[in-house]
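Which chain is which? They are A, B, C and D, in the order written, and residues in each are numbered from 1.
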Amino acid sequence: MSMLKKAQIIEHEKKGPGIYRMDFFSPEISQKALPGQFIHLKVREEGYHPLLRRPFSIYDVDKDRGQVSILYRVVGLGTHIMAQILPGALMEIMGPLGRPFTLSKEAERVLLVAGGMGFAPLHFLIKELVKGNQVVEVITGARTGEELMGEDDLGRSGVKYSVATQDGSRGFQGRVTGLLEKKLDEGNYDFLYSCGPYPMLEKVVSLASTLGLKGEVSLEEVMACGVGACLGCAAPTRGDKGNLDYKKVCQEGPVFSLEEVFFDG
Amino acid sequence: MVDLRVDIAGINMNNPVMSASGCFGYGKEYAAFYKLKEMGALVVKGTTLEPREGNSPPRIAETPAGILNAVGLQNPGIDYVIREELPALQGAGTPVIINIAGNLEEEYIKMVRILDPLEEVQGLEVNISCPNVKLGGMAFGTDQKVAGNLVKAIRSATSKPLIVKLSPNVTDIKEVARAVEEEGADAISLVNTFLGMAIDIHRKKPVLGNLMGGLSGPAIKPLALRMVWQVSQEVKVPVIGMGGIMTAEDALEFIMAGARAVAVGTANFVNPYSIPDIVKGIGEFMVENNYDNLLQLTGAAWRGV
Amino acid sequence: MVDLRVDIAGINMNNPVMSASGCFGYGKEYAAFYKLKEMGALVVKGTTLEPREGNSPPRIAETPAGILNAVGLQNPGIDYVIREELPALQGAGTPVIINIAGNLEEEYIKMVRILDPLEEVQGLEVNISCPNVKLGGMAFGTDQKVAGNLVKAIRSATSKPLIVKLSPNVTDIKEVARAVEEEGADAISLVNTFLGMAIDIHRKKPVLGNLMGGLSGPAIKPLALRMVWQVSQEVKVPVIGMGGIMTAEDALEFIMAGARAVAVGTANFVNPYSIPDIVKGIGEFMVENNYDNLLQLTGAAWRGV
Amino acid sequence: MSMLKKAQIIEHEKKGPGIYRMDFFSPEISQKALPGQFIHLKVREEGYHPLLRRPFSIYDVDKDRGQVSILYRVVGLGTHIMAQILPGALMEIMGPLGRPFTLSKEAERVLLVAGGMGFAPLHFLIKELVKGNQVVEVITGARTGEELMGEDDLGRSGVKYSVATQDGSRGFQGRVTGLLEKKLDEGNYDFLYSCGPYPMLEKVVSLASTLGLKGEVSLEEVMACGVGACLGCAAPTRGDKGNLDYKKVCQEGPVFSLEEVFFDG
């Protein structure tokens, strides 16, 4: 199961406005981690504010170097403090946690749709997918070109990708779901992966279901324990009988199938 | 050798550190970190007669040194718990205590009747204090007459050790404690969460889906400790203290305030090894200070020893 | 231009940010940091009829994100305050509100009679909620009948704006609020401190000289906010919200929960510029979000706007 | 009055077991500071645990370099966190605060008595006293020789000093108050300054009063505001009429005259 270890920060790099990449030395986690899983970080060693751990998707893994990376945006106290930590410091990390993406072998043409920070879990997935024989395409969106995430990594992965910006400064002008509609009109995909804010996911799921397209999304909910013990991270899903069924994002997710997810606004 | 054993209402525990209900699932998640027999007793998630789907998200909001939760007693119902969860806990080597909650007295009684004959259940904790459900829940715990009547009815339905868990959202916790003791509670758990809320100023709405939630964690420790101090001087039955215990030092504060045992909730989320760490720390403190029996410390702060 | 002005029971304030009683002395300490006219109103330390020497030390114990205090209403008595402290506040450019406390109804009435004719006093805040005194104090605030009677008697003795400060150590804060509104309170202050304690495990004794103390600071914010939310929907008179306000965001949470004004206590100790910083932050939030009048935000979280 | 400024940590040095010296660059405070005064430090910039500021006596001042120093012992969360802060970092400091020692010009022979950490405020005082024409003698005590504080600084100040250790590993064997008794028997002092734990001060005050010796002590109480606004730091003193009178350590102290102080156990 999950481990709890102090891991050293090897590198800590600013990647954009308020966006950082943090690389940990953690051979155990790097060996076990699968795309879609996350780690649960203790931001401060001492004191009870912030109190809870913070979950971050695994962005990248380098098994040879024993390295695990996250990509994060500063949004509140915890991430603000994180952004000030220097390389060399130790952080207590727990993981890998959660249900990973399914690497569907049958699918021939796979499309990944990332909204903003939702790119984080998809990047690790892309790196695994491109190792197979499938056609892999990625679309990512952000408000502005400056906020587009991980383009350097995307370039390096060799995957085919296009971008959408709301201000039109780069690529398709509009939301990433607008670009998705276009893509779905043009191409013929048989599996879709997505991560992003709820309103975007809702749109993605509705577009996919119209076409009967299969796929998976990664959800976010505020977490307490991260291991399935507190029921704090419940996300509404469709139960077997179509009933509302709260599932634990930390343990039964964060990855859910398109059929499972449920949006009640 | 220090002796950490305690007896709560006939439940023999190897040490005084229990899990707090709702913060430890049914044990299996933390069994991946350590052997459950290292804990004094395992209290499972609050269980109701029928399954409950729980409240809509977000269910958790962090506050300074605390968390608000509004899980809303999501649970698969008592039959499922007995069938699917309890068997795995047999042989775990730690007493198992079932925490029960209901909207109506009748529901409590039905559950107690179902649980009473089960050998795998060492005790019952009756939650009359959940702030996150619409009906019943906390209402039972904020009026001493209602609380007393409920306990009386439950008492007559079971001979199992009966722990009653009180709500801290009251003017005088001593009165409620006295009432439930009189009606037959074998032990008293203090405290459940404090009713609170948080507002998202950008959405101009409460953060939690349920609007309000229960505050737990280090923020409430001073308040919980005061109540343990008050109640343990007021009643003869043992008090199980909880509320913000993160370390052995915190646990010792509760013990010196009068708690016979302690329970650890929120701390598990931050450090999954909290319970064994606390057990170890209490033992170390006793060795360093030349105590050999935990009872020497129980209530020490008011016994004036 | 944003309009931050508020009117509390006829007291005209330039902005909604007041000092919390007992956390700001008589103003002169913080006047060394900024001009007092930058604050909405100044509430002075709790004053009693006779001088009080206060509790024995230690009077302060820090807890996670909070502090316990047991000052015990140390003050030089009302005559001295009027003679020696108030003159310095004339011309400070901010309304001055005197917080009064007593053991007996009679004492409150005597003080009110003394203060009623004084022009330099813009309002009275009646503390029926101090947890740190043996007699009276909190006892007045935890029973709605007692609270109501006291307010009735005070109301008949003064025509000054009358703010009643409630104790949060009650089962149902709405009941007490309704009772004091009915008997003539012009505004309600929420909340005073929560009764708590801390134990020094090395000395095996309570940390505070007074054993128990009142918890304030960010730790209690979720609880205070919940009470402001409840009371502001229950009464028509304005509510002054306080409890753990450290930043403009915190103040805005209280305003959206229904507070017409807010008071800042513990935060002053950490950042002496807290009050002007919060005033500035509220103004900035309004500009950024296109509000021009503070009342647009008051109670927004339950008005659903 | 007191100022609130971010000051840079110039140096941060370990001086003994759990004992550190921290030097700040703060020209304003270094200009104003008087012996016996303290500064009120904000340990962490973000988060509310620990919540309150922490008071530390001014240990040393270098007006030319604009430097202010403290000497502190790690006892709890706040000082534990402080001990990890690296030079170069900024800390928000408020000060100088409190009533300073009186530099009695009339006294010809002055004795200073330090117990443990109580040496901190006395060191700055010594440096000022040795500039005058008085005979200045210092006695300091600690449990062990290793825990004796600031001997390097004492040596540098050129003052005459002797030490007491409870384990007898250095100097007089016993408590510093034992050494004091001996000194008072031998010498003829007309002013005494002291700082240390309450039980030691109680003994010092009683010895001095037997001899009718004048002097001042510096007291400690847990503080909240540090500026006189909260009445949290009350110490019992003897009022004008011999009555119990709680005075504010932060504002009416921390320095009190021997006649004022009062011990109720």
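As a working rule, a residue touches a chain if its C-beta (ideal position, glycine included) is under 8 Å from a C-beta of that chain, and two chains touch if they have at least 3 such contacts.
Please read these numbers as outputs of a predicted model, since none were measured by experiment.
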item: Intersection of the contact lists for subunit C and subunit D; value: A, B
item: Chain pair showing more contacts of the two, A-B and B-D; value: A-B
item: Interchain centroid distance [CA atoms averaged], subunit B/subunit C, Å; value: 34
item: Centre distance in Å when subunit A and subunit B are each reduced to the mean of their C-alpha atoms; value: 36
item: Mean-CA-position distance for subunit D and subunit B (Å); value: 46
item: Whole-Å gap separating subunit A and subunit D, where each centre is the average of the chain's CA atoms; value: 54
item: Junction residues of subunit D, two or more chains touched; value: 47-50
item: Residue numbers of subunit B (touch at least two other chains); value: 64-66, 217-219
item: Contact graph of the chains (line, ring, star, complete, other); value: complete
item: Complex interface listing, subunit B residues touching subunit C; value: 63-66, 68, 142-143, 169-172, 194-199, 201, 204-206, 212, 215, 217-223, 225-226, 229, 244, 249, 252-253, 256-257, 285, 297, 300-301, 305
item: Complex contacts: residues of subunit A adjacent to subunit C; value: 47-49
item: Complex contacts: residues of subunit C adjacent to subunit D; value: 22-25, 29-30, 32-33, 45, 53-54, 56-62, 64-67, 69, 71, 74, 217-219, 246, 266, 268-273
item: Residues of subunit D defined as touching subunit A within the complex; value: 44, 46-50, 77, 80-81
item: Residue ranges of subunit A in contact with subunit B within the complex; value: 1-2, 4, 42, 48-53, 94, 221-236, 244-246, 251, 264
